[in-house]
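Got a structure for you, questions after.
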Amino acid sequence: VGKPVFHTERIYDQTPIGVVMGLAWNAMGGSSIYIETMLVEQGDGKGALHLTGQLGDVMKESAQIAHTVARAILLEKEPDNPFFANSKVHLHVPSGSVPKDGPSAGCTMVTSLLSLAMKKPVKKDLAMTGEVSLTGRILIIGGVKEKTIAARRSGIRSIIFPSANRRDYDELASNVKEGLDAHFVDNYNEIFDLAFNDDQNTATP
Amino acid sequence: VGKPVFHTERIYDQTPIGVVMGLAWNAMGGSSIYIETMLVEQGDGKGALHLTGQLGDVMKESAQIAHTVARAILLEKEPDNPFFANSKVHLHVPSGSVPKDGPSAGCTMVTSLLSLAMKKPVKKDLAMTGEVSLTGRILIIGGVKEKTIAARRSGIRSIIFPSANRRDYDELASNVKEGLDAHFVDNYNEIFDLAFNDDQNTATP
Amino acid sequence: VGKPVFHTERIYDQTPIGVVMGLAWNAMGGSSIYIETMLVEQGDGKGALHLTGQLGDVMKESAQIAHTVARAILLEKEPDNPFFANSKVHLHVPSGSVPKDGPSAGCTMVTSLLSLAMKKPVKKDLAMTGEVSLTGRILIIGGVKEKTIAARRSGIRSIIFPSANRRDYDELASNVKEGLDAHFVDNYNEIFDLAFNDDQNTATP
């Protein structure tokens, strides 16, 4: 996903509502990225998603998939919350001048949208990476080593990977993984529990 | 951001409502630029942003981000002001024939839009540079030296940079910074206070 | 602005409502051009601008800027005139086969649109050149010598330049300027006074 964006790492000490940390990588190494979402306006039938951040075609589609997945998850968790039906949402991925692409921020986008819809920040020092299918399956990604190194450098404590990447992670040297609490998931619902069902969420964003 | 635009420097003695001075640079040097905004028309649901000035893709996205950020800040500062929901706004960056790009005028665009929405001019002899994230974080930019030289040449007294650029500024020779009052910010709210919460704002635009 | 268009020079003896003479130049020399505007249709919310004349990207944006500026000026001069909110306007620049570009017809376009909106022709034998910013500042242009020669060849008596071009004009040989009444302006309002506040305007178009 684009060039490593070292200077945008950890632009948030604690991510506010609507913001979630993801992990990117390319041949140059890994880096943390933030998925930022904001409510633009609300009104009957105004549900829409607006994208910025020099996103490539795959990442734009990934955001559309995340929008559909988040809507389905919200219907399950908060059946009376009409957020996605009546809200125009803006999703941005800093920094604005770095081209980004790929599907692996899918689960991060879903989480960011749900955080905005439920007005709940995610757990502190959490990062995640994983392609999401339209039904919420979490699919394998690349760059496990680079992303793990980037997560540690950014002060992350909990990291979420697709179950299909468990072997990649197990094969990493132990010093690379030191201090990291890694989770491996198959379905978005597992990420939901890790990100939102935590006592820390009651803290002020 | 394009070629140095020496002839547009200081086209305003005092910037009117909706106009704010930014700073651009390239390999040829730095220059001041103006972000100009005007109200085109108002009406229920007419909220929109129209762009001119030969802006590149990154700068167009930067303007969209600024529009969302300005809306959120206005909601906080003037909760009853419906400006962005019902106003078609035109944003232009002179001069019209010079191609411009990059994210570093983000904070200048937010300020220009807020000036228009609140009908308040910004503080006199103020210039600013900084990428803005969707939640209002102010991110690192390039060309601190070139921009500082351009600011002094344009008669600027107060200059705003991202906190992440503080070291770049501290390393400049003192004669380059002479007479400049530099501010370093992490969040847009700090820029708001510097630009608008000033006794000079009570003067007639 | 394209090639010199000698065959379009002085296609009007007296420009009608909605038409104003500008000045173009390139490496081959200068020429007069006409900005022509016509009302297409009117109706609630039909405000729009349609462009023809093989205009390049900068000149298209220049027309959009002129549309916004003309709207703001009309609001000031004739607050009850709803022309721009409810009128679809067609702006053309003959001759139709010559590609044209550049921002320097900005002030001419504003004047042409205001002439149409107010149903007033501009002063006879007047030509103007100047980029216009969104707030109505008149910005420096190129080709002062070539444009001055073209103006005299076209029988122009009054010519309007940006103040920033005063030195260029002062340096021209006096025989080039013979018989020309040159005006130098900073703001569009000064052009408005020169173009419309004249006894000749009461004459029948």
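Should a chain be cited, it is by its letter among A, B and C, assigned in written order, with residues numbered from 1 in that chain.
In the analysis below, a contact is a pair of C-beta atoms (placed from the backbone, for glycine too) under 8 Å apart; a residue touches a chain by one contact, two chains touch by 3 or more.
From a predicted model like this one, the values you see are computed outputs, not experimental measurements.
Ranking all chains by how far their C-alpha centres lie from the centre of chain C, first place goes to A.
Rounded to a multiple of 5, the C-alpha superposition of chain A onto chain C involves a rotation of 115 degrees. Averaging Cα coordinates per chain places chain A and chain B 30 Å apart. Computed from the mean C-alpha positions, the centre of chain A lies at a distance of 53 Å from the centre of chain C.
Multi-chain contact residues of chain B (touching two or more other chains): none found. Within the complex, the chain A residues that touch chain B are 7-8, 11-12, 16, 18-19, 34, 36-38, 40-41, 43, 50, 52-54, 90-92, 94-97. Of all residues in chain B, only 45, 47, 57-58, 61-62, 64-65, 68-69, 71-72, 85, 102-103, 106, 131, 133-135, 137, 139-140, 164 touch chain A in the complex they form.
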